[in-house]
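Note that chain A is present in both complexes that follow, paired respectively with chain B and with chain C.
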Partner chain A sequence: MLPNRSRTSVLVFLLPPLLLYCAAVLFPILQSLFLSFFSWNGISDMEFVGLSNYVRMLTADDIFWRSFFNALIYLAICLVLQLGGALVVASLLTSLRRGRELIKTLYLLPAVISTVAIAFLFVRIYSIDPVGLLNQLLHWVGLGAFERAWLSDVNTVLAAVSAPEGWRFTGLYMLIIYAALIAVPKELEEAAVLDGANKWTLFTKIRFPYIRPVWITTTIMATTYGLRGFDIPYLMTNGGPGQSSELLTTYMYKTAFTSTDFGYASTISVFIVIECLVAVGLILFMLKRKADS
Partner chain B sequence: MKKLLRAAAVAAAAALALTACGGGGGTTDPANVSPTGEVKPREISWLLSRPADGAVINIMKKLADDYAKDHPGFALNLITTPDRPSYIQKLETLAAANKLPELFDTDATPFAQQLAKQGKMVDADKLLKSLDIYDDYRPGALDYQRFDDGSLYMIPFQFELEFIWYNKALLEKAGVSVPKSLDDIPAMCTALRSAGITPIAIDGQDRWPLERYVAYQPFREAGPDFVQKLKKGDASFKDAAGQKTVTWMAELGKAKCFQDGFSAQGYSDAQNQFTSGQAAMYNIGTWELPSLATDKLNPAVRDDIDFFTLPTTEGSVTAANEFVSPSGIGMAVNSKTYDPLVSDFLKFALEKYPAEYAATGALSPTTNVQTTIPANATPLYKKALETANGLGSKQAMPWDTQLDPTTNGRLQQELVLLVQGNITPEQFTQTMDNAIEQNAPKFFK
Partner chain C sequence: MIAQTAPVHTPPTTTPPAPAVQKRRRKPSLYRTLSRVLIMLIVIVQVYPLAWLFLTSLRTEQDFATGDPFALPSSLTWENYARAFETGDLGRNILNSFIVTMGANILIVLFGMMAAYAIQVLGFRFSKFVRGLFLVGIIVPVQIALVPLFIDYSTVNLLDTYQSMIIPLAGFALPMSIYLFSSFFEYIPRETYEAASLDGAGPYRIFGLITLPLSLNTVVTVVLVNSIFIWNDFIFANTFVLSEELKTIPLGLQNYIGAMGKVDWTATFAAVCVTITPLLLVFLVLNKAMIQGLESGANKG
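Our next item is the complex of A and B:
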């Protein structure tokens, strides 16, 4: 318990960031909520339309649902690559004796490259005419039948735009999980090994439960980042061909700044906020329940 | 992400500004083109979407400097965003915030028409007439800037002609000749493909180049009115002209006219394919003359390159000398900030501009000057410029300047799917007619 005076001073120091947070995060969210009940193109008079934007979004907009499911697939691919990849690499790293720093740096490198550069890089990698790296590799290993214009094929484009985002942050999450893994007490592991635990048991019964809090945090981070994914798909395909790689975020952006339908775009953004909150709630709920059992 | 954040910040600022000033419109009369009073030099801004080191910007900079010599304190602040989609977003956000600068670029889009209706732009028809330069302009250059009702609110700075450039050697190799009709093109593509040649190089990433193609058949079949009716829902893709273009686009796709994976390829990718001799045809305007009709062009293809204008069709209602001849994005004058200074500067600049512009080898939007052909030009340069003299009175409008923005976005997406064969012509027709029905009323009330 802090003495009274210092509690006041703590509050005084906490107040500015709280205000900043309200101004930068809460206020825009509330404003979007407000705008979502209006029809407004930026230069016309704002017209109150009640819930009709929500009705249109949920019942009459095929692109909205398409982009929602695209966003879920995008999220799934990102999570598998980021969390799965990070866990595998981090586990392998702990058993490495030398060269750890070098590998960590190499894996982290994509996270510091600018998004625009990554988007351009991958456009080249996926290209068919002129032949890009991916198609060239397929050709060399004798899988020439799989060569295609990855970003123009409606069946592959979504995976193709998700992969760079996943690849990009694998290193970052790897670093966090690696830090957690090396903090697992050696005595525990040694005791388990003496009791006859094999590597898999060691991982599932000792290591993973130990890093669970960190795992929850990284999952939440990766999920919210994934749900907010925008830049790479927008830069690589602009949602195309058709709506094959349209995400909720890119759709919202276009609705606001191309169609100048600010009211409806706000409705979509309110949905994105709710979706993120629900996702985080679900993750906490599931992982908590698992930890309790 | 940065782009999104920036856009969000601008939007938030816009919303704040709007609540602050209650969305007030222009305070001055848009028809009052000769404001009275003293010319008080200050800094004025021009928000524009033109290449940063292009002729228009360089000349206007120079003219502004000249003007500042006699009017100390004057400066022209040029804020350019060459990437058109980003520019439009910027413009629309600033318009929403009621923070448009003295001069700004826009096409004759439905959005611009709303701005004009709200009295936010100076009447360019009256402005040019009051400066006594109206008659110098090519009628086509002004027509391109007009809204459907014939009113004029933007001033053109360019005049371009769009041609289909082709590689004679590649056509010969495939045993095909220049198409006499638009309907010949699919068969031509098939022949070129079987000779191992990419028929048409296209910039799919920017979307407008493919959208040009959808405008061609209706322009020949029903004239320039079709798109004006279509965008309001008074015509439909189910009509004869609409069906013709839908089927034709599907045929182009089936004949594999465009390079593989075109939808992810950019402007320079497409141009490189053509100038390196891989693709047989390339649809682009005279703004590319410096790279297609001078010694900058790859020597290996230089003697093989030629162009033809948009082919007609059987029973075509428009003539062979009528095609896409845009005068580029126009400049609008903000009526709220229009004062003796802006008026005086425009008078100074617009009178001197054409001569300076023609000297760079480009086509002036006016007819009172002669374009200088650069020393390194190929004979094609002259041929291209001369085509401008024999134009008919109608012109094909690019659809991206005509449709409401939501329908336009949807059309651009669906066209790729149609050409790639991912959807049928029937599905395309249905989706687009629905899109127009849903979105047009908001813009064309």
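Our next item is the complex of A and C:
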């Protein structure tokens, strides 16, 4: 603490940021919680309905559950592509002598492209008429039987809208994991190699335990970003065909701004927040406990 | 950096096997070749779609509709770009994105620094609690704020303004910025402040003369990392902005779809190329600083 500080100076520095934060983040959270107990379309009078929005969501809304499970699959695909891809590439990169900086830059490139542009791009990649990149590629490698309109097929659409999100940010997580991997002390690795450890044991026994704290951080980041994923599914299919690519976020958005059911939409968004908090808690619980054992 | 460094700290007892290890490393092993091939493949998957996007923007419509998508364009044309500029107001969109990005960045940097200064340097009784309060914003998804802000904006007449986008973008980015600045302020030695205090400098002068100039590197990091997300923001702009004059790039691009049900793909791709260029240039020029920023963001935790 600075010796010459005064109460006023603390307030001068703290109040403006705190006010902005309250206005944009904290107050809206409380407001959502409040709205979730009401039925309101934005025009007529608000009507207090108690817990009935929650009851409706959890017991009577099939679309909600459909979106919830879709969101879990979406999350799983994103996590595999982002964290799995990131870990593989970061590990491979440490064995490279030259060109690391270039590869890092190229790998990160999709992260600077807007989601709208990515949605456009992938609509064309998946298209069948005119034939898009994916179908053409399948044709060439002799898997022509799998050619299809990926975004209209109810069996593939969810995976098709999840993949771009995973593709987009895998470079970001790779950077973070790579920075952690090159911080592993060389003495540790060399000692293990002298003891006859092969690449795999080196990775599982030395490197991975060492980067575990960073791994926890990246897993939390990827999970919370995955659970709030919205842009790409909304832009590519708007949840369709039917509800086969509907996520909780897109369902909430439509409930709020298409059906103007602000109360029920708030109930869903409260659920999304709880879901994020539970996910973070679970990750910390599982990964920390493993580290202790 | 990794493989070439000689084992400096190797104790004498282990010297005999060391040459063997080095020899094994020098040989181009199967593992090394495989990992090179794999890295190349993955880089192609990351970069080829973007290269294809650019190539397609130079194709003629005819070529695009009938040709093999992997083939090189049969002839190059800039016509798509002309049509792209006719269809949408790309200049306007870029300007709007620029205004929103600048506005939000100023708030994020200034307020982030101020809050971190109050919490980390000045210190006060509830500083732990306030820090925790800010951390909530890192986990909470932005969607929670959409409905409440939409309602609040319509009561105070802020819908369809630049501020309607800047406020939530800055608010949700603030926690990370405070976090980065606080962890930087930790490294400024206490003695610096104490010496300045003895010379009679108050908290405002110390902020302006010591903390601010020292944290310029962190400012660059915070601005670069946030700019990627703000420049590309879709959800706040899509929810709060309606009029054409205020549309940012992501919304402007949407105009290319659905106007007549049919999409002019080559022109759309040309528009995409135009709009991603500014950020892409910044990224390619400053990628070292940007990459460092992204790495430090999580590795400090």
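Keep in mind that, in the parts below, the second predicted complex is superposed on the first by the 271 of 293 C-alpha atoms of A that agree within 3 Å, B and C clash if a C-alpha of one lies under 4 Å from a C-alpha of the other, contacts with A are read in each partner's own complex, and residues count from 1 in each chain.
The rule is simple: a residue touches a chain if its C-beta (ideal position, glycine included) is under 8 Å from a C-beta of that chain, and two chains touch if they have at least 3 such contacts.
Quick caveat: nothing in here was measured; it's all calculated off a predicted structure.
Name the contact category of A:276: first (chain B only), second (chain C only), both, or neither.
Only chain C; A:276 stays clear of chain B.
Applying the document's definition of touching, compare chain B and chain C: which contacts more of chain A?
After superposition, C is the partner touching more of chain A.
With the two structures laid over each other on chain A, which partner does A:197 touch: chain B (first), chain C (second), both, or neither?
After superposition on chain A, A:197 lies in contact with neither partner.
So, does A:254 touch the first partner chain B, the second partner chain C, both, or neither?
It touches chain B, and chain C stays clear.
May I ask you to decide whether A:104 touches chain B, chain C, both, or neither, giving the answer as first, second, both or neither?
Second partner only, chain C.
Kindly classify A:89 by the partners it touches after superposition: chain B alone (first), chain C alone (second), both, or neither?
second
Applying the document's definition of touch, where does A:180 land relative to chain B and chain C: first, second, both, or neither?
It touches chain C, and chain B stays clear.
Contact-wise, after the overlay, does A:35 reach chain B, chain C, both or neither (first, second, both, neither)?
So A:35 meets both chain B and chain C here.
Touch test for A:241: chain B only (first), chain C only (second), both, or neither?
It touches chain B, and chain C stays clear.
Identify the partner contact of A:230: answer first if only chain B is touched, second if only chain C is, both if each is, neither if none is.
A:230 contacts both chain B and chain C.
Touching chain B in one complex and chain C in the other: list those residues of chain A.
28, 31, 35, 42, 115, 230-231, 249, 253, 256-257, 262
For chain A, which residues are in contact with chain C within the complex?
Contact set of chain A toward chain C: 1-6, 9-10, 12-14, 16-18, 20-21, 23-29, 31-32, 35, 42, 85, 88-89, 92-97, 101, 103-117, 120-122, 124-125, 130-133, 136-137, 167, 170-172, 175-176, 178-180, 182-183, 186-187, 190, 193-194, 199, 213-214, 217-218, 220-221, 224, 227-228, 230-231, 235, 249, 252-253, 256-257, 262, 265-266, 269-270, 272-273, 276-277, 280.
Which residues, counting only chain B, touch chain A once they are in their complex?
Contacts found on chain B: 1-4, 7-8, 11-12, 14-15, 23, 85, 88-89, 92-93, 95-96, 111, 114-115, 118, 198, 204-205, 207, 259-265, 273, 405-406, 409, 413-414, 416-417, 420, 422-423, 439, 442.
Taking the touch rule as given, give the residues of chain A at its contact with chain B in the complex, in rising order.
28, 31, 35, 41-46, 115, 123, 126-129, 149-152, 154, 230-231, 234, 236-243, 249, 253-262
Considering the complex alone, what residue numbers of chain C touch chain A?
1-5, 7, 9-10, 14, 17-18, 21, 31-32, 35-36, 38-39, 42-43, 45-47, 49-50, 52-53, 56, 64-70, 107, 111-112, 114-115, 117-119, 121-124, 130, 133-134, 136-152, 167-168, 170-172, 174-175, 178, 193-194, 197, 201-204, 206-207, 228, 231-232, 234-235, 239, 249-251, 253-254, 257, 265, 268-269, 272, 275-276, 279-280, 283-284, 287-288, 291, 294-299, 301
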